[in-house]
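Next come two complexes built around chain A: one with chain B, the other with chain C.
Let's look at the complex of A and B:
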């Protein structure tokens, strides 16, 4: 066992490093090959875990901290599969996206980091030992840090990456404190310690600590500020992986801790559902404001994390109330949404990456009319948009519908007075759904429809097939959820039944009922579409069809500036949502003395409220405090020798006078 | 006899605090090497060939001949002759050294250890502290190295103060230290003076962020 483990580790390291020796243009292909290799063995473990029973494979015996065991259960298996699916496709996309990158060092860094990120994510799901878990977590965070840093020569990237690194480590700190506390209380380094601890102690404080730690990774509301900055600056396939699966691992952590909960589930659930709602609303409100396409998608990721949070919260409330239907629907909804989001968000990020690659800008204000020049990308983006808005018949609808179903079940079951929270959740979910349609009509409409707003949107470089194929793969994934929902649901029931709700199978009927409703609604929706389309073609045939320029409307002097801009599209909304959304407006109002008005410009830059009102002031205070210690940093070697000497002297004197 | 040698050692220490020509500092090093050789030879309990060779090599060859010679080569090559800017006045330097001696004496008497030879202890602790003193209050990197070597001499004496032969491995460690110090110094001084036309460590602050 020892030898095989060491061999395995050596093999991994060797394979990872081999990429350095390859010529630059083969590196991305090698990344794909290695990702595929890791995908194959890990997926095999995951399938085994999902189909039969959990697997545990002793990996290493480390002195002091004990055995590191590679363990895969159903929950890990599920996460491993989504990691593999998305990462493999992202690696394929990377071949196209990185094709014009020729700087050897950068490519090495990219290749090594991408491979390690994949491995790190897999190991996070497989290691149930505190230290192993933390190491894998670190590997994942550091690798993604380097990927965020990929374009380091551009201004501002370094500070964004550092912010990401620091916030990740604040999260690690919370997790580490939690682990050490558990060890102190139980003497165990394994995840089993949770069970022992939760059985005897109040569950809420420790869960909350881990919620903060994992929540930073996941991007829950006040902890999200790294996310909308770090995601846009990375290469598209990296954004896709980070947004599609890596932030889900924060949710994995939360779910994993939640599996061991013994009491207080109701209160924890209420907290989680409230935070989830805030996250979803905040995310979508801010997404609407953005004019950077990838930043918009990043905020939308926050929204989706919030929706998953609502699902987890519902599940926990269901557990607390011993309502297996609600718990199952909540958890299955959450897992389903994780799965969905791991498909449509990478799809959208890849679409945004293609747009960026073709036009060299991410600014929606400069785009427009791209559907005529890149129809395939546009169609794929549209599919992703429909899915993410939760519209039938695509898969986003399935998960959100499950959550609605869960709430309605509960509202039916008891007196309404005690379920105010669920009513609020219902409203919030509805609002979020509506706003996400608003957001994605903006994202799709302004980017792909209309006429080009700048020269950048007309001079497009073609997008390679390597970049389109993985998107098609993701669409196939999306559609498979619609076509084969039973398969997925059986797995989800398995997971939820194993880990959370022992009576999960009791709720099977309800869940499948929800599923049927879902299919039914999708069918109706499809019918409506078909009818509308038929009507359209009938009208066209009956009255003939005329072609004119977009936004023509009879204006002879129509120009591109008559279109909606990203800013004006969200204009009224920006006023309505003041407080939740913030922005910097630079405009000089006209004075009465100005007889001949000069040319003016209005610039609106969306900002993150939490960032400007919470993070920045506190960082400023902290750095002021730390600045006070700058006095001792003279930069002279002599001073440092003196400090060392004084330190030794003080230690010596202390021991001499027996203080220590 | 031994006491005389150690007192001479202490005197060289005092002189090193006010010497500001590199050549005199290097001569001090050479003399210290000789003195230490004498002390070690007299303190040797049994004449063991390997031990003898080792001490001979370390004190006589390295400390009093080789290292001073290399340092001398460095200063002639770089055409520097003195630590022109002593931060302290002569009076303050002498005063500090005397304070260090006094402190070491008080410390030695306070320790009440029967194995401890007070005169060795005082001289060695003083040497260590004066070495650090040189590093802290002088500016050129050559003086820093010399301070470091004085510090090493102090450690050598210290081990004798504990009344036993030096373990071979400690000896080797000290040798390695010396070697690397001088080597680094050679490279460093040539580099610094190439880049800055100056060998003061203060110019290194321009390198900081």
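Let's look at the complex of A and C:
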């Protein structure tokens, strides 16, 4: 047994390192091959776990800390499957995206990091041992750190990557403290320790510690500040994986801890739901302000994490109230949204990557009219936009629909305070829905529609089929959810039934019926569109059509700069979203003494309010405090000898008077 | 008989705009146009040739169709008193709101497709107002769902019974909110004025400025259709006596007629809000629906003043 494990580890390391020997051109293909290899065995385990009961497989016996066991249950199985689906497609995309990269060292770094990120994510889901889990978590974080650092020669990348690294380790610190505390209280290194601990001690403080630790990874407000900076700078397929699945592992951690909760679920649920709402609103408001396409998508990931947070919070409240309907609908809504987001967000990030590859810019203010030159990419991005706004007939609607169901099911039966909380949740969800429509009409409309705003948007390099094929794969995934929502629902019901709500769920039939109605009416909608469009086309052909220019009515001095810009599209929210959004404006107003006004420019750069008002001042204060200790660092050898002498003296005195 | 709702809404949509125009003419002392004039306009528009901008793509061409289809699809879930809509399921009013949003999504994209600054402006404003009005609608429907413990239009309307003084308050407020929501969703006063002729002050009209021919006819008819759709909701809401079907249908047309007259009157005696104040006007609606929510709590004896 141990021999086979050691052989397995050696094989994995050997396969990982083999990529270095390959010629640069073949490296991305090798990455795909290795990702596929890891996908196959892990998916097999996941399916096994989903079909039967959970499986455990002793891996390694380590002195002191005990057995490392590979364990896959239904929750892990679900996460393993979405990791594999998204990462495999991202690896395919990488072949196209990285095709023009020729520097051998960079490509080695990319290939190694991408492979080990995949492996790390898989192991995070499989290891239930504190140290094994932390090692896998580190492997994932470090690998993604190197991927964020990929364009290291560009200015600013290094500081962004360092920020990512530091914040990830703050998260690890919280998790580590939690684990050590658990060990001290229970003497166990396995996840079972949660169960023993939560049975005897208050649940809220420890859960909150883990919520902070995992919340940094997931990007909950106000711990999200690394996310909108790290995602845009990585290559597109890496952003897709990071946003699509890696931040979800933070949610995996939270869900995993939540499965062991014994009490306080109501209060924890209220905290989580409030944080979820704040995250969702903050994320989407800031997404709206951005003019960097990938940054916009990164903020929208924060929003989606918030929506999942609302779902988890609802589930926990349901658990606290001993209400199986609300608990099931909350958790199922959350899991469904995780699944949905793991499909449409990579789709959008890949679309943004294609735009970047073709035009060499991510700035919406410089783009426009791309739909005429890259129609397939544009259509795929449109599909992703509709899905992420939660609009029927696509899959995003299914998960939001389940959350709304959870709210309406419960509105009647709870007490006034939870009713008010649910009402606020309702308002938040509808506002988030409306704002995401605002955001994605901007993202799609200004990037792909209209007229090119700069020369960069007209000189496009064509996008390879390697980059389009995985997007089509993701669209197929999206469509399967809307066509077979009840299959997915049953699947999630089983996971939730196994882990959270043992009593079973009474109102199942009603939701089934609703989901079926939803699918049915979506198909009816498509049919109406087809019939109506056929009719319209016939009429238009019968009565003739002409083509002219937009400003055809006598106005000849049209300028592409006259179009609505990203900034003007968002300008209402500079006032309405005051407090949540902030921006830096560079403009020199005209003085009365200026007789011949010079040419002026106005520049508006959105900033992250939490970053500028919370993180930066506090880190500044902290570094000021730490600098005060610089006094003792004199640089003279004499002083250091004196410190050593003083230290010995103090030790002597303390032991002499028996203080220690 | 499930097709009944669709047929009734389609019928009411034919005279709705005509009645509004008649009322407005009557109040302002003008001779009114023929009440069937809008029908003639749509017919004429539908048979005109279309003109498209060369800068536009297929989005511009499908946008009006999808918008119109979304309204038809939304109508499918609305019941007529105790006759179910063609499709009815738990949570169908969430679908109702979201499918209308899909239509709006495409209209906004269609506007951005032209690359015209005017259309961008209209799209931007329309997106803002429909975003702000959404919470009011959801709280209203959520409160009704709470009172009746159901979450589909059909079940809500069949389970709703009013007989206390608080319930009349809720009834009145809800009808008021629905009328206002209908007016905002249809881009009427005080948020928008379809009669204005300056692009800078237009909202919905400037968003669809470049559509022509059949597409424009569809968009204009969609307005009437949306009005009668909300009229059907208001009818369902007010109606609570058991009647013989023909009488009920007669009463339905009466409600639609009164609704149209009411809108005409409201538009005649009301000035348009300044563009900057529109969000405030809409927030008032949200506040009113929160009142309805608390009224509903009182009604259920969960909350007392």
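As a working rule, the second predicted complex is superposed on the first by the 584 of 660 C-alpha atoms of A that agree within 3 Å, B and C clash if a C-alpha of one lies under 4 Å from a C-alpha of the other, contacts with A are read in each partner's own complex, and residues count from 1 in each chain.
Convention: a residue touches a chain if its C-beta (ideal position, glycine included) is under 8 Å from a C-beta of that chain, and two chains touch if they have at least 3 such contacts.
These numbers were taken from a predicted model, which means no experiment stands behind them.
When the shared chain is aligned, no partner comes close enough to touch A:601: not chain B, not chain C. Legend: residue contacts after superposition of the two complexes on their common chain; A:592 is shown touching neither chain B nor chain C.
In the overlay built on the shared chain, the residue A:446 is in contact with chain C alone; chain B does not reach it. Once chain A of one complex is fitted onto chain A of the other, the partner contacts of A:627 are absent, as it touches neither chain B nor chain C.
Once the two complexes are overlaid on the shared chain, A:645 sits against chain B while remaining clear of chain C. Of the two partner chains placed by the overlay, only chain C lies in contact with A:392; chain B stays clear of it.
By the touch criterion defined above, A:52 reaches neither chain B nor chain C.
Of the two partners chain B and chain C, more residues of chain A are touched by C. By the touch criterion stated above, chain A contacts chain B in their complex at residues 634-639, 641-642, 645, 656.
Chain A meets chain C in the complex at residues 368-369, 371-372, 375, 378, 382, 386, 389-393, 397, 400-401, 404-405, 407-409, 411-413, 415-416, 419, 423, 426-427, 430-431, 433-435, 437-438, 441, 444-446, 449-451, 510-511, 513-514, 516-518, 520-521, 524-525, 528-529, 532-533, 536, 539-540, 543-552, 560, 562-564, 568-569, 572, 576. On the chain B side of its complex with chain A, the touching residues are 107, 110, 132, 135-139, 144, 201-202, 204-205, 208. Residues of chain C touching chain A in their complex: 46-57, 59, 62, 64-66, 68-70, 72-73, 76-77, 87-92, 94-95, 97-99, 101-102, 104-105, 108-109, 112-117, 120-121, 123-124, 127-128, 130-132, 134-135, 138-139, 142, 145-147, 149, 151, 210, 213-215, 218, 279, 286, 290, 293, 297, 300, 302-303.
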